[in-house]
Structures are given as C-alpha cells and as structure tokens.
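My structure is below; once you've seen it, I'll send some questions.
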Amino acid sequence: MKMDKAALAAFLDSDFPQVKDMFTVEAVGTDTLTLRMTSSPELLRPGGTVSGPAMFALADVAVYLTILSQIGPKALTVTTNASMDFMRKPAAGVDLLCETRLLKLGRALAVADALIFSEGDARPVARASLTYSIPPKG
Amino acid sequence: MKMDKAALAAFLDSDFPQVKDMFTVEAVGTDTLTLRMTSSPELLRPGGTVSGPAMFALADVAVYLTILSQIGPKALTVTTNASMDFMRKPAAGVDLLCETRLLKLGRALAVADALIFSEGDARPVARASLTYSIPPKG
Amino acid sequence: MKMDKAALAAFLDSDFPQVKDMFTVEAVGTDTLTLRMTSSPELLRPGGTVSGPAMFALADVAVYLTILSQIGPKALTVTTNASMDFMRKPAAGVDLLCETRLLKLGRALAVADALIFSEGDARPVARASLTYSIPPKG
Amino acid sequence: MKMDKAALAAFLDSDFPQVKDMFTVEAVGTDTLTLRMTSSPELLRPGGTVSGPAMFALADVAVYLTILSQIGPKALTVTTNASMDFMRKPAAGVDLLCETRLLKLGRALAVADALIFSEGDARPVARASLTYSIPPKG
C-alpha cells in the first residue's frame, strides 16, 4: 500500500477542497476501500432521495482513492468509463457508504467496482464499475 | 410533444431550484434535446477540467428532460442505469452542450443516449446512455 | 430457492439445447451461482483467447439462471442492459468459471453482477453487470 | 481510410473464418460502418428472437472493423469495455444491420457506439458502446 487512510485523507483535503467535507475514508484494505458520504440537504432530489450525480461522485471518488492507495498520488489519473445501476431509493437523511474492489491494476488502465449502501441497510442502493486511465511513468 | 422548451424551463425552475442556474434548454425536437451547462468554477477539478460527476449530471438532466418532453411532468421517473465514456478533456472556461436522442419510449422503460461537447468543438468530450423507469399510470 | 442445481440443469437441457454442452451449473446459493463454460476450439479467437461474445454469453446465461433459481422458469425474462469490462486474456485451453451475485430482485427488474475467472487463477478475466426485465404475473 | 470495404471483407475471411459467413460489410465511411448479420436459425433463442450474445458479437465485430478501417489490420486490438441496451425484440427471420460511429481514436484507446436494426424497421433493437485498446507501435 502506497497511501494509507491518513495519507488519503490528507490528499482529499489538499487536492479536493470543494468536496472534502462530503467524504470520509472509513477503511482501506488490500484492493478495497470504504468511503462515507455525509448526508446533506444539498445532495437531495425532490422526494428526499440522494441524486444520481451525487452517487456517481461518491463511486468516482471512492474508486479514485482506491487506485491511489496502491499507486500513490498521481493527479493525472482520470476516469475513462463508468457504468452504474441505481437499484433502490436511498434512505432519507442517512449517510451513504461505498465499498470498492480493485479488480485490475494494469500499467495503463485500472478497473474497480463498487456497491453503495444506506448506512444500516445491507441491501445495496447502487452498483458502479469504473475504469481509470493511469498516466505513464516519465 | 407534451412539453416544449418553455414548459421544460419552467419545470426546471420549479422542481430543480438547486441546479436551475447551471442548465439551459437550448432546443427540443422530436426525440432530441440540447441542454447547455454554463461554465462555472464550482464544476471544475484540479487542472481546470469539468468533473466527471458534473458531466454525469448534465447527461442525466438532459435525458430526463427529453423523456418529460414526450410524456409530461412525471416526477417519479427515475434513472435505473447509466453508462458513460469520458473521451477528451473538456475545454477550460467553456460551456458544455449535451445532445440527446430518445431511442426507446416504452410503457415502463425509456432509453436514450447523449453526446457532450465543449461549445465550439465538434469532437465529443463524453458519451452517455441512460435508462429511466417510468411510473405506471394510476 | 425455486430451482436448485438439478432443476436448472434440466431447464438448460430442455430450453437451450444449442448451448447445453457448453455450460454446467457448478453451484447455486442464496443469490449466487457458479457456471462453468467448457473450453472449446469454437469459442476461440485468433491468438487462442476466448472471444468477447463467448464471455458475454457466459455472463448472460449465468445471471439468467441465477434469477430463475429465485423466481422459477419464466421464459419471457429478457436482458435489457449489460455492461462488461474485459480485463485480462483468458488462459488458453482452460474452462471459464462465472460467479454471480443477485443484487436486486424487484417485481419488474432484476440486477446482478458477475466475475469470470480462468479455472485455477484468482485474478478475474472479466466483470459483467446485467439487468433483466421480468414479465408481470398474469 | 486505411482499409476499404474490400480490404475489410478480405480480413474477415482470413482472420475470422468461423464467423465470415455471418457478417457482411455493407458500407464504410469516414468513422462509420454498416455491418450485416445474416439471419440464421443458430442465432435464435426460444421464441424466435436473436440472442443477446449474437447481437453483442455483431456490435463487437462492427466496431472492430470500424477501427481497423482507420488504423489498418492490428490483430492485437482488443475490446476492454462494452455496454449494451436491448430495447426491442428483433424481427424473426430478418437480417440485422449494425451502424457504427467512431467517437474517439486515440493512441491507446478507441471508443465507438452502434445502433442495431432489424432490416426494414427504423426503430433500433439495441444500442452498444465499446472501447478498444490499441497496441502501441513497436
């Protein structure tokens, strides 16, 4: 592991000041990571549900941090593909937890998937799979 | 067509007050729609590029409005699946335009795809395909 | 569980005679299933690798059987969406194993994901997520 | 254009002998291609519909040939991601036509999308988007 929980939190603070209050790294393992998104009125859609773009952001940041935990802070690592299924309405006023699995870490591409849960409910509200392009060494 | 450009703009104002300043309906056709996302510092990532979640939001809202233009304002219409490819870095400080195509409008599911462009550049920065679940008549 | 391993094997024999020799149900659990695709020269691409469409078929049939194990034999259940990442070259001349997870079983839609492995290698060669439309009771 | 219709047909014959009778290149344009899949009992599922894996194969080969038309015959070009929506039941006993658009042709990755039609019907039966990894020059 190149970046542990503390290093990822510091990276989030310095490089993503706009979203650092939304996200908290809960756990980092070998090729896995859990990211919390704090419930907030700004993320809601009419009806009290968390918006799709907010869940996309959660999965995107969670997978990004999962990759950085293995390769270190490479700011040029970018999302090239994402696929999501929105399966259940998230519980209102409850934090979301995103659990990732790094499935491939190649020289040029990394692939991971993720499940998103309303805290306290074992049924996933969404799933995501993302591909990131990793900049070449130079 | 059940909702024209003016009706969609009014719906965006009343039902999505948090994002209404970001988005402008540019054109509505038979099964097509163009949505503008105004350039804003809040949408940017380090490096000056528009964030993936912001582009997801653009595609999501654009397809949502495309479907509503055909079926009228059904607030319970929700995204069930989304797939995106991020292909080029959007130009800094430039509005994004999202052009949609409604490919299927069934009783229960609607499918559309979309291309996103930096204004003034013919090469797409991203593509998206989305499925929406339409609530049954009652 | 509505269909166990023997019932699924019998269904595959009777309803999918063209592919029944390719596939074997290895295990069925609560919301999980493992399907084997027997290695065969017909499935190969130049270079000795299993073709993408063959892996798609494996994931598609595996998820279909996973859903049927829970709801019984509904022949009108059809794939509406599929997303796959091809991550590693499958080993030549080796069976593939597809392990599924049923993530949502709703009245109208079911969502599952799957990992595909070359037998004997713990690194997945592909991942898939699929949505099926379930016909209404009547 | 590096390979025209005749060159692509010859490539299909020599490198894909197992499927050459299924597919015919109908047209090749700048960043577009139309591929025909001849109707055949072997491709059918119970109910007379073309199977999902057969449509996946059609989209996969069509996009592959679209890329080769621009870069020439690079056998190591491989699919890394695919997303498909199956929207309507294909007509029984009718050829399918797949129309592609090359959206990005980078040094390492190419992205295209495709619509699949039953011949004679303007409503698409399926859509696909695919990413291919292009081998580096050596």
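Should a chain be cited, it is by its letter among A, B, C and D, assigned in written order, with residues numbered from 1 in that chain.
Here is the rule we go by: contacts are C-beta pairs under 8 Å (C-beta built on N, C-alpha and C of every residue); 3 or more make two chains touch, one makes a residue touch a chain.
Everything numeric here is computed off the predicted structure, so don't read it as measured data.
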Query raised in the report: Which chain maximises the distance between its CA centroid and that of subunit D?
Result: A
Report summary line: Of B-C and A-C, the pair with more C-beta contacts is A-C
**Report entry** Rigid-body rotation angle, subunit D and subunit A, from Cα fit (steps of 5°)
**Finding:** 180
**Report entry** Approximate Å spacing (C-alpha centroids) for the pair subunit B, subunit C
**Finding:** 33
Report summary line: Cα centroid separation, subunit A vs subunit C, in Å, comes to 28
Requested in this report: Note the residues in subunit A that touch 2 or more other chains, in rising order.
Outcome: 80-81, 83, 85, 87, 131
**Report entry** Touching residues on subunit B, where the partner in the complex is subunit D
**Finding:** 81, 83, 85, 87-88, 103-104, 106, 111, 113, 115, 123-124, 127, 129, 131
Requested in this report: Within their complex, state which residues of subunit C touch subunit D.
Outcome: 15-16, 18, 42, 46-47, 51-54, 56-57, 60, 75-76, 78-87, 89
Report summary line: Residue positions on subunit D within touch of subunit A in the complex are 80-81, 83, 108-109, 131, 133
